[in-house]
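The structures come next, written out as structure tokens.
Next come two complexes, and both contain subunit A; in the first it sits with subunit B, in the second with subunit C.
Presenting the complex of A and B:
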């Protein structure tokens, strides 16, 4: 009943989609991350001319489905002849760039809130201490606030990256042959959706497993104080005594 | 003994009669975005060639029909999963599909063609206005495709994924043009008009209908019309174990083809006769 040869072939064909999936993820996470950082700073600003546009951007991109955003960028923008004549068209003509742009703009909105959360969670006492040592605001931000914020936002941010890996599947709707695109093609040739989707799911699972591991290692490296102290001989003895 | 047999027959009859008197419901899936075969009309209801035909066939089979729209990709899997009983979605009979589902007698022939932008480089594809059967005139068709091939080099051609159009590109023009697969013909038509595609291949009836819309002004059919072969004939898709329904559909379709009903609907919706040539 379970056709191992077919599963094997499917698996090998789907692996061909991994580079495109990872490219789209990397491209959108990196460029979206930069945009998110700017947005987070704008959101934290007391100047309404910075805060309000950032608020609106985040509201708009978090409040609409990514699929709709991809379609608006791919099919919607191409409707305007002015745009088709512009210098942007060589980029927007390609489904690849449309998908990357949509994914980046989308993740920027979510990541901005993650970064802002990280920044807000830095204890006021730490900032005051830095300032009282004579650090300028910029220096305090670079040496104290940002490292702490980065560490605090890591779990939420790893979540966002895993979501992005899965979101690249939507790129298949605009003709890109990443893992899901290839899976759809294989299904149309074989009419065996269960086997193909199980393989595709397993590949996404493996990719996200690696990403989750990388982040948990990073988390471990960045929080030395949360590790258990190396057990000394005397410490062990006390533990044992307690158990008795 | 005899009395017992009569009694048994009576019980059987009693059990069978109400069941057959009760109208059987046949759920038919269609694509609903493939004008003029099946599409959403201005008031939101599904209409088109296949809807008219389905209603006619159901009347002939004396069953009650429910027509449900379903995305193209999901048609065969959902049929197999028992979500409905038949597919009428301009689905060509292909050897691959025959491995997983059964087909009724054909109710239409598949005819496909290229559409291009009228002022683009492909506007004068050779063979425009000609029709070739890939079954009986494959040599002539291949000769024409031999002339078309070099023109398509480096061009981008859109097809709807998992259709006979993609099989056609795969069989006759493999590796020549870049082929992009879309979910619907509407999407590839859109990209033809905004310049992302140089040509599309799709069912000629569907293209002809789409070209009448204002947003496809400036596009036209080009090159020959191809039929049979990879495009095959179009039948009702059925589960393999549903022999009883297949017999019913076969009879109804043969009758509808014979008395000109299929031709009438075809000319109403396509302006041409797509009824299967036997």
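Presenting the complex of A and C:
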């Protein structure tokens, strides 16, 4: 019943898709993160000319399916002859860049809200204390607000990155051969969907597990005050600590 | 003007097709959404079960279906059920690949995926109940079933509404993926229109706007529901 050689071969073939999946994730998370930071600052601004466009951007990108966004960029933009003649066309013609751009624009909308939540969670007392020390706004932002906000938003941000790993699967709809693209091809060749799904699913779960672990380690390193109190000479904490 | 003609209801317009496809998107989303609620309830109940076996199954279910791309799950359901149907059909003399009904498979796949998310929402809602409520109910001598019906369920439903609203938005966006197995919903209809008129931007932008409209309108519905459910809850000033 269980064909181990087929499972093994499938697994090896699917591993070939990991680099593309990770590349698309990294590219979109990094560039989307920068855009998200700008959007979050615009959203926190009191100037309506900054706040309203950011609000609309977030509403539009969170309210429509990612597939629509990918198709608008990959297929839709070719409708305009002016764009086809422009210097951007060598990029916009490539499925790879279109997928990366769509994923980045999409994650920027979600991450902006995560970052804004982190910024809002910084206690007002900390900001007031920094200001009363005579720190400029920029210095207070760099030394006080940003580090605290970053720490606060880590768990939500790791969720967003895991969502992005899953979202790269949609790149297969515009011909990119990442893990899901290869899996779909294998399924239609072999007609053995369950085996292929088990292998591809295991790879995605492993990737997401590693990302979650990295972030929980990072969270642990960045919140020393939330760890258990250091061991005392008399207690048996030392023993416990060794087992951790 | 050209765009209005394209998306209009005239003889050359695609308006009627796009509206029908929007209806299909809403239909498959609602079917998947309610399927997900049923699965989510069962799996949340399993997570609170005394039996380790049930808890493990529910844990496995939520981990796998939240950790694997939806597209992959849709492929699994479509090709998996098609190969089962093909095998059965072969017994009756049919030959080759028999494809499964896309609407049913789509709703099923969305239901199973959203059920995993609903589980987390329901578990969170039950955990949000004040401990004293449960203890008081028990002290009154309520049986577990009566306690669930009178104390746990009414309050958990109230706490779950915002999370359930989020899952609905997720389901709606996920329904676009059903286009890959050929169900003519909004996304597939846009592909058809884009292919035959060579105006992909107009079609996909329209599809995007229609999705946005559905999210916007249903957002109002969920907020109204939440207001109504919370009307008896005292809020800190």
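We take it that the second predicted complex is superposed on the first by the 233 of 244 C-alpha atoms of A that agree within 3 Å, B and C clash if a C-alpha of one lies under 4 Å from a C-alpha of the other, contacts with A are read in each partner's own complex, and residues count from 1 in each chain.
By definition in this document, contacts are C-beta pairs under 8 Å (C-beta built on N, C-alpha and C of every residue); 3 or more make two chains touch, one makes a residue touch a chain.
Because the structure is predicted, anything quoted here is derived from the model rather than measured.
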Superposed partners subunit B and subunit C on subunit A - clash or fit: clash
First, second, both or neither for A:191, with subunit B first and subunit C second: both
Comparing the two partners subunit B and subunit C, which touches a greater set of residues in subunit A: C
Contacts of A:93 with subunit B and subunit C, given as first, second, both or neither: first
Subunit B versus subunit C as contact partner of A:60, first or second or both or neither: second
Partner chain(s) touched by A:214 [first = subunit B, second = subunit C, both, neither]: neither
First, second, both or neither for A:72, with subunit B first and subunit C second: second
Subunit B versus subunit C as contact partner of A:169, first or second or both or neither: second
Which of subunit B and subunit C A:84 touches, first, second, both or neither: first
First (subunit B), second (subunit C), both or neither touched by A:12: neither
Residues on subunit A lying within both footprints (that of subunit B and that of subunit C): 75, 78-79, 173, 184, 187-188, 191, 193
Subunit C residues touching subunit A - in the complex, by the definition given at the top: 63-64, 67-73, 75-76, 78-80, 83, 97, 169, 172-177, 179-180, 187, 190-191, 194, 198-205, 207-208, 211-212, 215-216
Complex interface listing, subunit A residues touching subunit B: 75, 78-79, 84, 93, 95, 173, 175, 181, 184-185, 187-191, 193
Subunit B to subunit A touching residues, read off their complex: 73, 76-77, 80, 96-97, 99-101, 158, 161-162, 166, 180-183, 187, 190-191, 194-196
Complex contacts: residues of subunit A adjacent to subunit C: 59-60, 62-69, 71-72, 75-80, 162, 166-170, 172-173, 180, 183-184, 187-188, 191-194, 197, 200-201, 204-205, 208-209
